[in-house]
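Each of the next two complexes has chain A plus one more chain, namely chain B in the first and chain C in the second.
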Partner chain A sequence: MTATLFDALLALLLVWLGWRTVVSTNLFNAVVLFVIFGLLMVLCWARLGAPDVALAEAAIGAGLTAALLLEAYRDLTGNDPHHVHDVEDSPLRWPLAALCGLLFLGLVATGWQLAPPTELGETVHARVAESGVENPVTAVLLNFRGYDTLLEVAVLMLALLGVWATNGPHATLGSRQTLDPDSALIDAMVRLLVPMAALVCSYLLWAGAHAPGGAFQAGAVLAGAGVLLHLAERLQPLGTASTSSRALVTVGLFVFVAVACYPLVYGGRLLAYPDGQTKALIFLVEAALTVSIAHSLTLMFSGGRAFQRGRR
Partner chain B sequence: MSQLTLYGLAAAALFALGLYGLLAYAHLLRKILAVNVMGNAVFLFLVALGRTDPQQTNPVPHAMVLTGIVITVSATAFALALARRLHREVGAVDLDAQSRRGEALDSTQTEESGKS
Partner chain C sequence: MAVLDAFYHSLGWLWLVLGAGFFLAGTVALIRFPDVYSRLHALTKADNLGLGLICLGMAWELGWGRQSLKFLLIWLLALLAGSVSCHLVARFALRSGLGPDDPP
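This part shows the complex of A and B:
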């Protein structure tokens, strides 16, 4: 009973936050509300028994997306937090609202008839022992559906190339002046949080084989540390990509492709891990992915193509 | 009410709200937020649908949503970079202003060509 009440409250809060994000006239409020929405999604994943998703949402959905959105808000509005009003003035807004209301009813009616899929989940649980890892989500991501993950890493790299191409050669980098990088508080925070993030990253990477965690959560936590180092001017973004930066961005994809193609050498199938080496190979791929994901996400945030040691 | 009913209803409402925000508002940052709300609604529905039995969870939707979250943040970063570029090029952050400016440019060009 209490659990149902909690679920109902959470669902209501989510819808309310989503609604305020969409209709709030002040865009800064909308961004902050969306960040809170992301944090409540974390609770929601925990309630739905999806700890892997909750970890990823906390690090990526609520953490990095928030940093990206706030940064973009500042750039797009000229750092004027209280004077950006965005009101819908479209003459079509009532028809649109009616249409979206109809869509809601249609979605509810369709969703009601959908039978929950169970066969695939049972198959995964039955055969997880053959995958080389004990965590079923990691087994799906890197063994049963390795193809999806391989393409996902390629999409991440493409998005980074898109950001680089869009920024062009005239990107303004490293002019923040929003916080004092010399203050004792920032220094203490960096000294404490960055090693902690590195520790959490290694734990998540190692734990991914048998408990909630894995390359994506680990990479996102490390990217959080990178964003902090960048904001505190310990890492200086550069406008041109260095060889080491390119190598860090691509190592995940290259290692994954190499491991995927390795069975082809002796007549096996693409992405079929050789017997006995599955766990080691999955860990190798995950470690390489963590590095690439962390580096790509930090570069996406800073808009730069490489990093050098900052002035401090 | 079951968890699926509660979160399924919330997901449907969030998807419709996000679509409204995407269509009715002009500011690009709002559109990006709205698309993110829609994406989260889809993820919520997938995971809620996979949770039929509280004792045993279905890992397939979890893995799909994990992949989806990473793709979403990549797409968001790319979209924000495009919005920044638009802001730098035309000084506006909404597509309407950009098209208005485009029309203004067209008309001045036509006038100029008419003069010559």
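This part shows the complex of A and C:
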């Protein structure tokens, strides 16, 4: 009973927050509301029994996206707290609202017609032992549907290339005053949080085989540490990519493609892991993916193409 | 022993309710207090204590063990993040010329 009440409250709050985010004319309010929306989404995923998605949502949806939106807001207002940026009414808002409404109705209709998902879930659970890992989510992502994940990683790399292309090679980077990097408190926080983020990252990567976790969550946590280092000016983004930066961005995709093609050498099928080496290969792919995801997300946040040690 | 058990669990619930009370007080202060600095003061103090009590209550009710250390860690991390962000917000407000009596 209490649980049902809690879920109902959560669902209502989500809808209300979504509505407030959309209709808010104050940009800062909209950003804050959107971040709270992300945090409540984390609770929703946890209540739905999907801790993997909850972790990813917490790290990417609520964490990195929030930092990105606030950074964008600051760029818009030019660091002036009295400058309130109001959203102007766009003539496109009604057509857009109608389109979104149609999309929503389409999604509802599709969801309604979908067969109950038990069949697929049961198949995965029945065959998870063959996948080399015990966590069914990792089994699906890296083994049963490895093809999807491979393309996803390629999409992430393409997104970074898009950021690089739009920024131009000589974008002004890191010249703005950011976090008050001289403060003793910032120093203490960086010293404590960054090693802890690295620890959590390795744990999530290792735990992915048998518990919620995996490359995306681990990479996002490490990227959080990278964003902190960038804001505290310990990492200085550069406008030109170095060889090591390119290597870090691409190593995940390279390793994944190499592991995917390896079976072709002895006449196997693409992405079919050889018997007995499945777990080791999945871990290898996930470790490489973690590095690439973390580096790509941090670069996307800073708009840079590589990093060097900052001034502090 | 049943009486002792009941006493033990009622204490656990007491921590949880007290913690929620501190959160409530902090939130009321955030809405009602007049300026940035008193709001920050009330919010961070009350929420830190509230979270500590809730973590204590959870560890109390779930039994002492490895997860108790996790609750402790959660509280310590929140203390760290809370004090640093409070400091940053206050410093930013001060530098942008907000006085102690100015509305935020």
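What we mean here is this: the second predicted complex is superposed on the first by the 272 of 312 C-alpha atoms of A that agree within 3 Å, B and C clash if a C-alpha of one lies under 4 Å from a C-alpha of the other, contacts with A are read in each partner's own complex, and residues count from 1 in each chain.
In the analysis below, a residue touches a chain if its C-beta (ideal position, glycine included) is under 8 Å from a C-beta of that chain, and two chains touch if they have at least 3 such contacts.
Quick caveat, the model's predicted, so the values are computed rather than measured.
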item: Partner chain in contact with A:303 - chain B first, chain C second, else both or neither; value: first
item: Partner chain in contact with A:96 - chain B first, chain C second, else both or neither; value: first
item: Which of chain B and chain C A:247 touches, first, second, both or neither; value: neither
item: Touched partner set for A:185, first chain B, second chain C, both or neither; value: second
item: Partner chain(s) touched by A:199 [first = chain B, second = chain C, both, neither]; value: neither
item: Which superposed partner A:264 touches (first chain B, second chain C, both, neither); value: neither
item: Residues of chain B defined as touching chain A within the complex; value: 1, 3-4, 6-21, 23-30, 32-34, 36-37, 40-41, 43-45, 47-52, 54, 56-67, 69-78, 80-85, 87, 93
item: Interfacial residue positions of chain A with respect to chain C in the complex; value: 80-82, 179-180, 183, 185-186, 188-189, 192-193, 196
item: List of chain C residues in touch with chain A within their complex; value: 77, 80-81, 83-84, 87-88, 91-93, 96, 98
item: Chain A residues touching chain B - in the complex, by the definition given at the top; value: 4, 7-8, 11-12, 14-15, 18-19, 21-23, 27, 30-31, 34, 37-38, 41, 44-45, 47-50, 52-53, 56-57, 60-61, 64-65, 68-69, 71-73, 75-77, 84, 86, 88-90, 92-93, 96-97, 100-101, 103-104, 107-108, 111-112, 114, 116-118, 120-121, 124-125, 136-137, 139-141, 145, 148-149, 152, 155-156, 158-160, 162-163, 166-168, 214, 216, 293, 297, 300-301, 303
